[in-house]
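Have a look at this one before I ask anything.
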Amino acid sequence: MVDLKVTLCGIELDNPIIPASGTFGFGQDFAGLYDLNRLGSFSFKGTTLAPREGNPTPRIAECYAGMLNAVGLQNPGVHKVISEELPRIATFFSKPVMANVSGFAISEYVEVGRLLGAQEQVGGLEVNISCPNVHGGGMAFGTDAKAAAEVTGAVRKVTDKPLIIKLSPNVTDIVEVARACEDAGADGLSLINTLLGMRIDLKTKKPLLPFTTGGLSGPAVFPVALRMVYQVYEAVKIPLIGMGGVSSARDVIEMMLAGATAVQVGSANLINPFACPQIIDALPEVMDQYGITNLQEIIGGAH
Amino acid sequence: MVDLKVTLCGIELDNPIIPASGTFGFGQDFAGLYDLNRLGSFSFKGTTLAPREGNPTPRIAECYAGMLNAVGLQNPGVHKVISEELPRIATFFSKPVMANVSGFAISEYVEVGRLLGAQEQVGGLEVNISCPNVHGGGMAFGTDAKAAAEVTGAVRKVTDKPLIIKLSPNVTDIVEVARACEDAGADGLSLINTLLGMRIDLKTKKPLLPFTTGGLSGPAVFPVALRMVYQVYEAVKIPLIGMGGVSSARDVIEMMLAGATAVQVGSANLINPFACPQIIDALPEVMDQYGITNLQEIIGGAH
Amino acid sequence: MKQTTYVIAEHTKIARQTYFMRLSGDTSAFTQPGQFLNITLPGYYLRRPFSICDWRMGEADIIYKVLGEGTKDMTAFEAGMELDTLTGLGNGFDTSTSGESPLLIGGGVGVPPLLALCKELRAQGRQVKVALGFGSADEVFLADAFQALGAEVAVATMDGTAGIKGLVTDACDFKNCSQFYACGPTAMLKAICAVAPGPGQLSLEERMGCGFGACVGCTVFTTEGPLRVCKEGPVFKREVLGW
Amino acid sequence: MKQTTYVIAEHTKIARQTYFMRLSGDTSAFTQPGQFLNITLPGYYLRRPFSICDWRMGEADIIYKVLGEGTKDMTAFEAGMELDTLTGLGNGFDTSTSGESPLLIGGGVGVPPLLALCKELRAQGRQVKVALGFGSADEVFLADAFQALGAEVAVATMDGTAGIKGLVTDACDFKNCSQFYACGPTAMLKAICAVAPGPGQLSLEERMGCGFGACVGCTVFTTEGPLRVCKEGPVFKREVLGW
């Protein structure tokens, strides 16, 4: 018998698998496909203070072993998330959910964080300072250690829930940003968000996405994500949620060996709606194959 | 009839296709496979002052749509390159070759650049300030605008040959580094070198590569490379050599629309030794399909 | 929605760059004409969405046109090949509001989903008119099939090599039209709305990340706020679109 | 080196996790036993290198063991499938220095290239001894084939279920050995060099980027400086390795 349980910021998860924000909506489109309580948790769509319509289309471009998205944080706004989405989530998911907090100003992160942190269903806040698809915000906080620390410190003041900061990979030195967040009071770090990329439409000869660039995700980014998780693990004491291209039980184990306590699965959900339960089902056999009996014990094992 | 000619730093190339440094040795392993004079040019293996044995093995790891390498600048040293490799290149390649200048200190870049720049066969210097696989040098210059400018300025003083600086993608803001190199006297920029990545061996549970990380190349990095070429094109006036995951004639055209005057093909040579001539052969048909008659005219067309 | 492995049962070229493919497998997730499926092509990351042209128990038909690299690769797929597919996607056309004499308008690869729709409307005893637009005579497909269902078919081609010379709107007869159903490029749909008098349903296309509602990649901005083409659509009432 | 499309002509399991594959196609690039080919597997970026076990005009045989994901996928390949392959890679064994009574030493998946070598040495009239090492009886393969060539074969298994219990070195008889030829894991090759008296040739394995000399990914550090396993090797004289 293998043990899939891990403890993330004091919360015990039945397994380390968490669908990543933006690839799982508020769970409703998956709830009819399988029992979501099989998941460790899930992280819902990045939520801002006001509702947002997001970017014009096309918002999606295909890449080799991955995709670009430029959704632009379309979401119903924090008030509707609390009044409509959380009660609906309660109908199919009985575990603590991760709230992905997004924003354009520190005051917005604080307000959204305060509101979502106060909800009983919310197990932790995942503060997204790394969205590359919105102007004047998002990623700007994640690419500067000082700004990242400010957001962290400000949201820290308004919640006692586990505070997890989601880092951008579009930086020279992710360790610097990670340390700044830890020092400012973060309880954990999520990494990585998408890599800034683009495609050009050969027919129009112009950028395919309306604001030129988008965020690259999928298996293509896995080696970069793994490297960053490994580097950050050596620099901080708080737990890490590793993500970026994870598509199989083997990828999960690599991420955990690099230093991830839990692992998010993003784009894989989009091309295979059953990706998460399939990974959970495959874990025991793959663990067996590599002589692993307890997942919690392999965290950071590659160091 | 379509026209494949482009002019790079004053040198007319029959076509924009240039095998990338480190994936083509000194040409000798390809010379028996096809007539290398079909290429626009080629960039030979990164050359340092003293011979280097490179890193321990394994130096290669497979990734989704790409690979990691940690060769560590194995090369025979500039003196042997001049006394043995260049004369041998002359036996199968009659066009100007690009010399990839590597080093660990500014004085080394200067000396290697001076020696190679003085060779008649060398059409231009491509100064590699972005190798992620050597300690205490290489990429450190490419991730800091000031250091990048210093290397550029120093090599500028010792050569009249076209001076092309090869940039690292492992930065928050590649535009800043690009501008610094232009201001310091660069005639052109090559981008991108490899993205820092890693893999873990599930059998040993340790990093697969001996110094943990390696450089990610191949189709996986194409959207990131394209985005960087696009961004840098808007910021500088000097010509760009685009590379990163290019594997097809369509990729070449995307790169040129983003702003590349010439396009390097790296990893594709390794998995398909005939990649470059096949791309050159395919260009006219793909150009036709998208109504392009002259490649020089599409450079930067996506802006 | 269901994940199904289809086996290619038949694959034939039916017009210039246009192919018919019959897929064998579970079709129980399809409930409405106008729904679509989403196929994984070997070597590509994202799936490719195609409308079901028609389906019966154990078999679904699609018609596709070569547009880019993926559809070009598809032309080489041989009978017997297995395709990982998500089925029963989208809402489909609503036939309950069709009225007595609906008009079906299709342009290019927008034509296929109208076939199953036509069949259903005819089974309900409606008088169906069909207007089809193509570039040229060698691109025309399915016109006979609509005729065989007892619909009154008008064809328009851009170059006049078949039917009326002009756009599909030139082939549309809105007289007595109780409801129109349209599928084709956005520009065509907007042109139709500019001239069509009554109620109508429009099937939209958008680049998709998932095809089942998870990524909000395929949003269309409507009078009811942003909606997902893959989930609340692909078929929208014209008043919802505000077109 | 040549780029060749091979067609799988035969594919059978011959031992635990071990498969024999016969490939049809151009074999003209092979000149020496011990050379290898490099196969593109669908869905993987890098090629996979395998020694040729034996070859004749129009046919090359390989024997592979399931080691990771790629070789696991290979087990499902069916006869008739096409494989994009680089052929005639590496230097191969030098038989001109074998002497009268060479000893061939193979461990696990190091065994296959010794078969063609044995055939050639026998054709040259040599007295060939062969020592083969495996984990267990159910992993043993090719022992009969060497015997059929008239070689004197000794087998060692780690658990003693076939032949001698022990390492392949325990099965080696260096008496009268004019030259040894060895292929297997590096640890085995070093162990052999620690006990073997005379001249020998060793075939090495290394993770490869290209397999034809372009990337210097497969370097081995030798007394003659860094050499490429795929180009100057995979076979090296023991004195060159300094082992």
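A few remarks follow.
Every chain is named by a letter (A, B, C and D) in the order it is written, and numbering of its residues begins at 1.
Heads up, the rule we're going with is that a residue touches a chain if its C-beta (ideal position, glycine included) is under 8 Å from a C-beta of that chain, and two chains touch if they have at least 3 such contacts.
Since we're looking at a predicted model, the values are computed, not measured.
Between chain A and chain D, the least number of touching-chain steps is 2. Of all the chains, the one whose CA centre sits at the greatest distance from that of chain C is D. Rounded to whole angstrom, the centroid-to-centroid distance between chain C and chain D, based on C-alpha atoms, equals 56 Å.
Mean C-alpha positions place chain A and chain C at a centre distance of 36 Å. The centroid of the Cα atoms in chain A and the matching centroid in chain B are 34 Å apart.
Shared interface positions of chain D, defined as residues touching 2 or more other chains, are absent.
In chain B, the positions touching at least two other chains are 61, 63-66, 218-219, 250. Of all residues in chain A, only 61, 63-66, 68, 143, 170-172, 195-200, 202-203, 205-207, 212-213, 216, 218-224, 226-227, 230, 245, 250, 253-254, 257-258, 290, 298, 301-302 touch chain B in the complex they form.
Contact residues on chain C toward chain A in their complex (touch as defined above): 1, 3, 40, 44-47, 86, 206-210, 212-221, 225-226, 231. Those residues of chain B lying in contact with chain D across their complex are 22-25, 28-30, 32-33, 45, 53-54, 57-67, 69, 71, 74, 218-219, 267, 269-274.
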